[in-house]
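Structures incoming, each one as structure tokens.
Heads up, the next two complexes both have chain A, just with different partners, chain B and then chain C.
Showing the complex of A and B:
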């Protein structure tokens, strides 16, 4: 496991202290990590969010301290791969990972009794440690009390209370980071025997005058509704449904704004660039292709805004709680729900989140299922195709038809993922112990705007980087394939095309390009689904990243009719073959294409991360194979059924 | 293994229908009632038993059943001043003494 956990933690500069952050999930560990290092990692209210290993550098005056954010854990007796990482890092006898110089243990003041058990285990490592007490404000709100100075005396280690957002508390902690060797050490390590340890915890709580906080009445009142058998279920579905309606209604005007910027850039190219090849490159490859993808930035931002708010508020744990029984039907458990839900953003964090699954069988089953969840890259393809399938004004009852179609696609993806997990669980070997399911239900908290903003920012940044690198590269390559070879006027005339008619020339050149050759070569496979060579080229290009499909169609449309690329797509017709002259994006073909993208593993990054997480090419090969077969079959069925209905 | 024990327990319950036996499994407690943990069942895997202990289900700890999920499973418990959801299978491995 440890070999896959990001950058190796080594002492780069002699004299630079390396500190490890240890704490249970939800103890405010990642928030503290962000505050200390400024390095952005996702933080939230959901237990088990930090599964990858994060390292950052905290600047204290002129010095630097390396801080490693270890996965959240309830115990140093590991039962999952990510807990194993914690135990290994803190084990001085484990030479592979390098023992930290000191440990910061975050402890949620409202769950002190449980957290002291973990602290006892960490203290047994004998490393210098400092307790960072979080959520004291919440303890006070709920009527609990705690004498921090007395706790410090009783423990014999430094204890520092931090309130999130307080610079004073943070400065006090930062000043300590430079010299862990000087930290106070306990005279005796805590007892290891369970009953003696309980007595140790109780005596500490007494010494620290710990008044047990009242039950969180606010959380109880909210849960009475949100976890109610009837209302809770309704709220869950309403929340999920609202999710998709918002992505459309709120994003639409923002997308129009982005589109108009690119349209304006397009007119600049037409007006000022006279070289036809350069104009084609700028207008079609860059503005048509890349611009067509950047238009989806508002939707990506909104998606991550909502996931981050749900996570930060504590509702995501409730959703997992409500879904656990349904997950059990697929042989999985609540933690797999987190992985699948993360896959709504991107399959990569989803696959990485499977590290929190204790059972290897569950891990592989979830990993095979995760790429079927509708990721944000599919979103771009879905938006484009849904727009072709149903008009923006169409409604189903009070709801926009596009939102309904999107909801159905997300639902179908989720159901298919569950079915896949079930199949893989069913046909895997039955050995290995049944591991327990437990999930902390955190108090409802207001999501921190900074955390939400950071999640949105990093998602948008990642998206734009992807656009700037891989999508740009593939777009340029596709543009070359679509534009070459060039044809002389004589060749055009001999083919019956008037060289003065710009639209006709563009159409002729695209139809006789290298790309057309490749697309035609793929026809035997995709012809039954209604795809023509242009869609085939898009499908091929989308193997690098699904968004490229949108860019390709944008380019094809712009190349075939440079004056009105937006309208071209809807009215595109088959250029040859038995359906020549008929509309290409019929409901049957569009629906088949949607279904194809729903099932196909058109993402090299996902394949790469699967290889890394499983350590062999076997699982990624299995995933690619089964998903392609499923995609083709389902798309064929869809094409046939919709074709009969329409 | 567990199902056999649940069967025996149901027989025991049937013999005293009026007053519920004070000793029970955590999974048998109704929402709103509490129990004090007496032991983790010996049939529970040692690693699972250890984790339940670390989560706060230690002998002597007071546990309150807060609510069941709409489909009956899992169940939210309050233990050690926080809330945690367990599946009924896990809760059936925890012996408790009912509290008034």
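Showing the complex of A and C:
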């Protein structure tokens, strides 16, 4: 995430038209914005509020048109900071923000009745306006009808149907952008009185022969079970349980395949690279560290495959609906659930999604809870540590124990997030009335393979890019810290290490590196949890990205036993201190580590986004502080309890 | 009380606006002499020049010196209120049930069904409309077309019945009066 942009000044270039893009959430507004502006966009903030401002330039022939993508809104009577911004930009009397020359309103053809209410309000501004009709293909697919020519006649403004991916439709729209002054204007603005407006909308829909079929029969029958308070909840948990079983059983052979490739590369390095420094860099930092993270690619791919299948089939909306009941008990509304659900992929989009929350209290409570949801970066750490905690053959009843542990971790993360939100709501002042919340329940259908493949591809690409940038960078830095200072043969001999024994030398060097010094310095804090200096270094490194923890352990393992890095971890022992020689990854320590990663805010990007969204360092500091204390305490309890049981 | 669904549509004349309303809202067609309450006052004074009722619209022409952006909202409120008293609209001339039937049939033939028929060279014209029975000529591509009967009953008759629920029968005349030329080549459409 790029960091903290200052307020972007509104620059109105004379002779260049400024168009604002208005529409409900999910009306295809941002897709249209991207299609029109390509990559010529910039992001800033609106003055005084922390709502991001997106502006781009659309090139039409020789000319340029500036397009501003306003936040999604259901009405111009604002109830959230997002919607306030839209109302302010469209208000000609607002001196702080320049009024656009014209407005493009995106309208989802499948929710025309609701969308026309927003359109009526936007038409009140009197600015030139063009309606961009989206999702007509979806309407046709569901067997609905809409006479676009009649709608255009009835509205008295241009209506252009745009099918995503159609260049013809887009070209037609682009040609219109140049001269908004020539756009057809309505003979009379729509009524402002609510009952008159309802009659207006009704008349429009009749004129345009609008029909949108309700959910089909099959969908209703399936929903009777899946949305049932008891059966629905059981099915939901069973689905999630199966989800994590699959992550382990299906991904394991794939992961082994990737691992064997890295093992083979490792042998190549050992055999052919004679320079010890270069061999160490390639073998430890790249193959042991970065490679150690890349082996989790199958899990990431599988996670997003299953999420996009659940989403594409329409089940995820049902899950959100079911969870809304539970969320309501924590005092949070459906919008907050959407934010928490996004956090399953990454906390950053989750935190950004809190912008749609009308109440500031709810917004901060959700923001504090979002990082506790298990993000995909935690997945790599969880898979590694779960593998150390229980063997792949272990079962709980008929189920693989690893999947059960993983399910428990996700569940604990979600429950902790809800509890946190509840606590923050509880201790902030009284809450306002519960505001209405819309969520579309799409019909059940087969997920489109292309959409699923795209979701997987972009997740894998994002993961590999993260590996190639921040994780590689931090891993190389850690490698330097782990390999320096170098020791001469004389120093090694005086320490009782045979300079000819490579394994002994690298073990000695790692144990006396700068990193070891840092790790030892952290020991007073983490010793009660059973962490040794290597884990401490990993925890410190994971602040940049959680996966670095995996990379660090991989590196240390590769350095200490270059021949068999994969097997080393399980048999690693304390190198010094009171537990010297004892096994490091005991069940108590491993469980404590898992719990620590579950609660700790080990992610600088999340902190940066929190700072940007709240406008101060106060909330990120609160989040980091409370989560660290929580993580340490819970890990300590886990270490003690598991230690007693084991 | 919920309001009658209506919306304005511009016409070629800037003084004239077509207010689209559901079919069957008003029991009259043609030029209006007297309208209820506020709308009547506007028509009586120099605000509104004329009101003409169609099957699915009220066409209002403003007097010179008035603009829709100026008095439009007032006319809208007055029309909305007046539509709740359909019995108090008085036509300029006597309006018989036959006139209503003829206007309804004209509305159907001018609308999307007529467009569809014209799109493939068909020609349908009104032959007669009286005693709740209507008759149309089907010529052009419709003559001797095996699907003409389907068009007549499934499309024309159902559309007409939606506008004139008391309809007894819609027939097509056997003899269309003139021989159809090679009209299958013309693809005329009513301009919107």
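Convention: the second predicted complex is superposed on the first by the 468 of 646 C-alpha atoms of A that agree within 3 Å, B and C clash if a C-alpha of one lies under 4 Å from a C-alpha of the other, contacts with A are read in each partner's own complex, and residues count from 1 in each chain.
Throughout what follows, contacts are C-beta pairs under 8 Å (C-beta built on N, C-alpha and C of every residue); 3 or more make two chains touch, one makes a residue touch a chain.
Bear in mind that the values here come from a model prediction, so they are computed numbers and not experimental data.
Touch criterion met: A:212 reaches chain B, while chain C stays clear of it.
When both complexes are overlaid on chain A, the residue A:77 reaches chain B alone and has no touch with chain C.
Once the two complexes are laid over each other on the shared chain, residue contacts for A:156 go to chain C alone; chain B is not touched. Shared-chain residue A:117: touches chain B; no touch with chain C.
Considering which of chain B and chain C touches more of chain A, the answer is B. In the overlay built on the shared chain, the residue A:223 is in contact with chain B alone; chain C does not reach it.
Judged by the touch definition given at the top, the superposed model places A:199 against chain C, while chain B stays out of reach. Judged by the touch definition given at the top, the superposed model places A:616 against neither chain B nor chain C. Contacts of A:328 after superposition: chain B is touched, whereas chain C is not reached. In the superposed model, A:488 makes contact with neither chain B nor chain C. Within chain A, the residues touched by chain B in the first complex and by chain C in the second are 195, 198. Taken together, the chain A residues at the contact with chain B in this complex read 74-75, 77, 79, 110-114, 117-118, 194-195, 198, 212-213, 215, 219-220, 223, 227-230, 232-233, 321-322, 324-326, 328, 333-334, 433-441.
Chain A meets chain C in the complex at residues 147, 149, 153-154, 156, 186-188, 191, 195-196, 198-200, 202-204, 206-207, 209. Put simply, chain B touches chain A in their complex at residues 45, 47-48, 50-56, 58-60, 66-67, 69-74, 76, 78, 80-87, 89-90.
The touching residues of chain C, counted against chain A in their complex, run 2-10, 17, 20-22, 68-69, 72-73, 76-77, 80, 112, 192.
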